[in-house]
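Below are two complexes that have chain A in common, paired first with chain B and then with chain C.
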Partner chain A sequence: MGGKASVDLRQHPGCTWYENGQSALSGSLLELFRRFDRLFVEWAKESGAGEYSFPVFIPAHELAKLDYFGSFPHLVTFPVTLDPEPANLESFARSFAGPGAPLGPGGAIRLTRPAAIRDVLTPAACYHFYIRFQGETLEAPRVVTTLATCFRREAHYTPLERQWSFSMREIVCIGSEGEVKQFLAKYRESLDAFFRRIGLPIAWANATDPFFNPSRNPKSIMQRIEPVKTEMVFGGRLAVGSINFHQNYFGEVFGLRRAGKAAYSGCVAFGLERWISAFLTHFGWEQSDWPDIEMT
Partner chain B sequence: MSREAEIRQALREWVVKTSGKIEPQELDDETPIIERRIISSVHVLDLILMIEHLSDTPIDVGKLKVGVFRNINTIYRNFFAESPDGR
Partner chain C sequence: MGGKASVDLRQHPGCTWYENGQSALSGSLLELFRRFDRLFVEWAKESGAGEYSFPVFIPAHELAKLDYFGSFPHLVTFPVTLDPEPANLESFARSFAGPGAPLGPGGAIRLTRPAAIRDVLTPAACYHFYIRFQGETLEAPRVVTTLATCFRREAHYTPLERQWSFSMREIVCIGSEGEVKQFLAKYRESLDAFFRRIGLPIAWANATDPFFNPSRNPKSIMQRIEPVKTEMVFGGRLAVGSINFHQNYFGEVFGLRRAGKAAYSGCVAFGLERWISAFLTHFGWEQSDWPDIEMT
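For the complex of A and B:
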């Protein structure tokens, strides 16, 4: 069995690392990715979750309702296109004619005039649900799940642990305060039992979202004094997932109602690549050393 | 009215007025004002200023501990009682 020291996953044949903060998986690592995700979907279905698949872009005007741009300007990634005005496109195309296309320093493209940007690359999987269900009055608690490729710009990247694009599976409950708290408590208990069963050392720790200028951000101050995020931390350093209680924040912003009040919501989030990293770091690279993760 | 009663009443009145989401009779000293988002992040800096004003003591935001603003009782205990445990 492998030790618990951090391992360089760039050396693993199932992981191709790109210096722009992305990874490609194949072989045993891709199979492990799929096994974890199947497990998370099974857990979601135990709560009767409906499965959803969402596009990669989120309209900027929806995220603006959450003050996303003021809270996380350092993380946001935008899809950029060129202004379709013909002369603008011609000018751009001309600059690429011939050999030695004029890329700028570090391979940066020299854009001509960009078109207006109205979308954002998904920063967190669960936002899609509040936008999708906005304005609804729920007759019963709603549990849903999705797997999303998420994008967060960071100063530094580490294979499978801190990436520009990564995979997040979320199980979300929207309901009354009591229904959401019960949902989150149930998953906390199940996860504890799972980590014990497979022998993965995970500690729970209160955390805050990665706000810009946290010491001056009222939302960050609020999360610090009234924690709503509890992370599953491996090896004292790597959060492989989190349990989040949003109170009725999304319910108020997106007009979701339950039992005559703004709906409450909460989610359980899993970072797939980080699960692989923690798993390989703890159990080693040999498949024969890996515990059976499927529920028995 | 004792000083403690005055402070608690001032805090309750501030919460009701600032929130706009709750009637005075719905708020007691154990009502979870943060968890139920009666007071949300947009109000938290004003709440700090209000407590500083009432207690005549500056608050170091970086040293605030978990749960100090949970309800009127925790605010009183942490910022006005003789043995504060939250700062």
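For the complex of A and C:
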């Protein structure tokens, strides 16, 4: 086995690293990505989860209901287009006359007048569900799953570990407080058994979301008083996933009801690229050294 | 069978339509999406294609080499973040003080100072390959495939048919002129056989890329003199895919060499959401009425 030494995944033939904080996968790493995701989907289906595939953009007015912009202005990425007025487009196009026209410092591009900005690139997979189901009264707990590309701007990026865009599989439960707690406890137990079986050293650790100005944000303070996020930490440094108990926060904001009250929710989240990084760091690059991750 | 009448896919339980020109899929439509994509991947593997999964952003300086910004300023979407200087973030966050703070007209959001913009949301899947392989001299033709979410801003959107973001599977060949022509001819023949077998009425039609100011763009004029794009048109109105012969354009721009010359390239592109729309329009919404699309 390859041991726990840090490895530079930029050297792996199945990983292409881009200076803009993203990676491409191919070959054995793309196959490993899919094996992990199939495993997560099987776990989701054990809970009867329906699967959804969501678009990349979320309307800003939906995230505003969560005070997302006050809480995470440092992370957010917006999709911006040019005002379609012909002279505005013409002016932009002209500034690039001819191929290879010089860009600004560091390849920066100068926009002409932007169109109104009404959307945000998905910051976390599970937001899609609360928005999709808003206003519903649930007759039973609802378990759903999705794989989403998520976007978080960071000061520095590291291949497969900290990226501007990354892949997050979530299994989400919306229901009563008891139903959600039971759902989360079940996954915590299954995950413990899985990590033991394949021999991946994961420790659970309480964490908070990366709020802007955490010491002044009431939600951040609340998270430290009553932990809502428990991370699966590999090698004492890399969270490959988390179990999150949201109380009835999303239920209240999005008018989701269960058993006569605002619904509770919780999710199990897996960062696919980080699973690959932890797996390769621990088991090495040789496929023949990798444990069987499929369910038995 | 449901016949060819236009159907409002917003009513389908497996489709969620968003006013921002995107859709979510679940249930039978997500399953159909995956069946089509498995089929396209099988076709790609018949040509020995390696598969890649690319990130959402492409560096602007790479697309500038193709005069992308002069040719398609009306379509492009940029990922924009806020300048991370703390006072700038603070000012943005403060403008959203409290949940549900009002946005501008139509849900528009007002940014404070943006950070430098250096990237573009993927406009077409195959660009990733020419950028990834640039500068290489190929010892043999190279066939590769990827599924990418692509982004094109339009004046109006229609569910599954014209979206701000949509899913494109491409099979790409980079090689000599003869190798690329042979590759494209083979897929044209296979596709004809497939459409006949399942009974989907598709006509081939020459087309041009949607250039800005086409009558003044030399590349657009060139495309009309020597057709490079042949579309698979369903019902006389909806292009569900295309076969594209790029000559040695990408080879020259990105320094790709084959057999002592700038490499030629071509691609077969499938718009997944449009395949679903054409399929449901022609065969109806009942899964039991659908033909078997798997390879025999």
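Here, the second predicted complex is superposed on the first by the 293 of 296 C-alpha atoms of A that agree within 3 Å, B and C clash if a C-alpha of one lies under 4 Å from a C-alpha of the other, contacts with A are read in each partner's own complex, and residues count from 1 in each chain.
Going forward, a contact is a pair of C-beta atoms (placed from the backbone, for glycine too) under 8 Å apart; a residue touches a chain by one contact, two chains touch by 3 or more.
Just so it is clear, the model here is predicted, and its values are computed rather than measured.
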For this session: Classify the contacts of A:A108 with the two partner chains as first (chain B alone), second (chain C alone), both, or neither.
Result: second
Exercise. Is A:Y249 in contact with chain B, with chain C, with both, or with neither (first, second, both, neither)?
Worked result: first
Exercise. Which partner does A:A155 contact after superposing on A: first (chain B), second (chain C), both, neither?
Worked result: second
For this session: May I ask you to decide whether A:P210 touches chain B, chain C, both, or neither, giving the answer as first, second, both or neither?
Result: neither
Exercise. Can A:P13 be said to touch chain B (first), chain C (second), both, or neither?
Worked result: neither
For this session: Mind working out whether A:L30 is in touch with chain B, chain C, both or neither, as first, second, both or neither?
Result: second
For this session: Pick one for A:G48: touches chain B only (first), chain C only (second), both, or neither.
Result: neither
Exercise. Who touches more of chain A, chain B or chain C?
Worked result: C
Seminar exercise, completed: Per the touch rule, the chain A residues reaching chain B in their complex are 177, 206, 215, 218-219, 221-222, 224-227, 247-249, 252
For this session: Flag every residue of chain C that touches chain A in the complex, lowest number first.
Result: 16, 18-20, 22-27, 30, 33, 50-57, 59-61, 64-67, 69-71, 73-74, 76-82, 84, 89-90, 92-101, 103-109, 111, 115-119, 121, 128, 132, 149, 151, 153, 155, 163-165, 212-213, 253
Problem set entry | Touching residues (chain side chain B, partner chain A) in the complex | 34-37, 40-42, 44-45, 61-62, 64-70
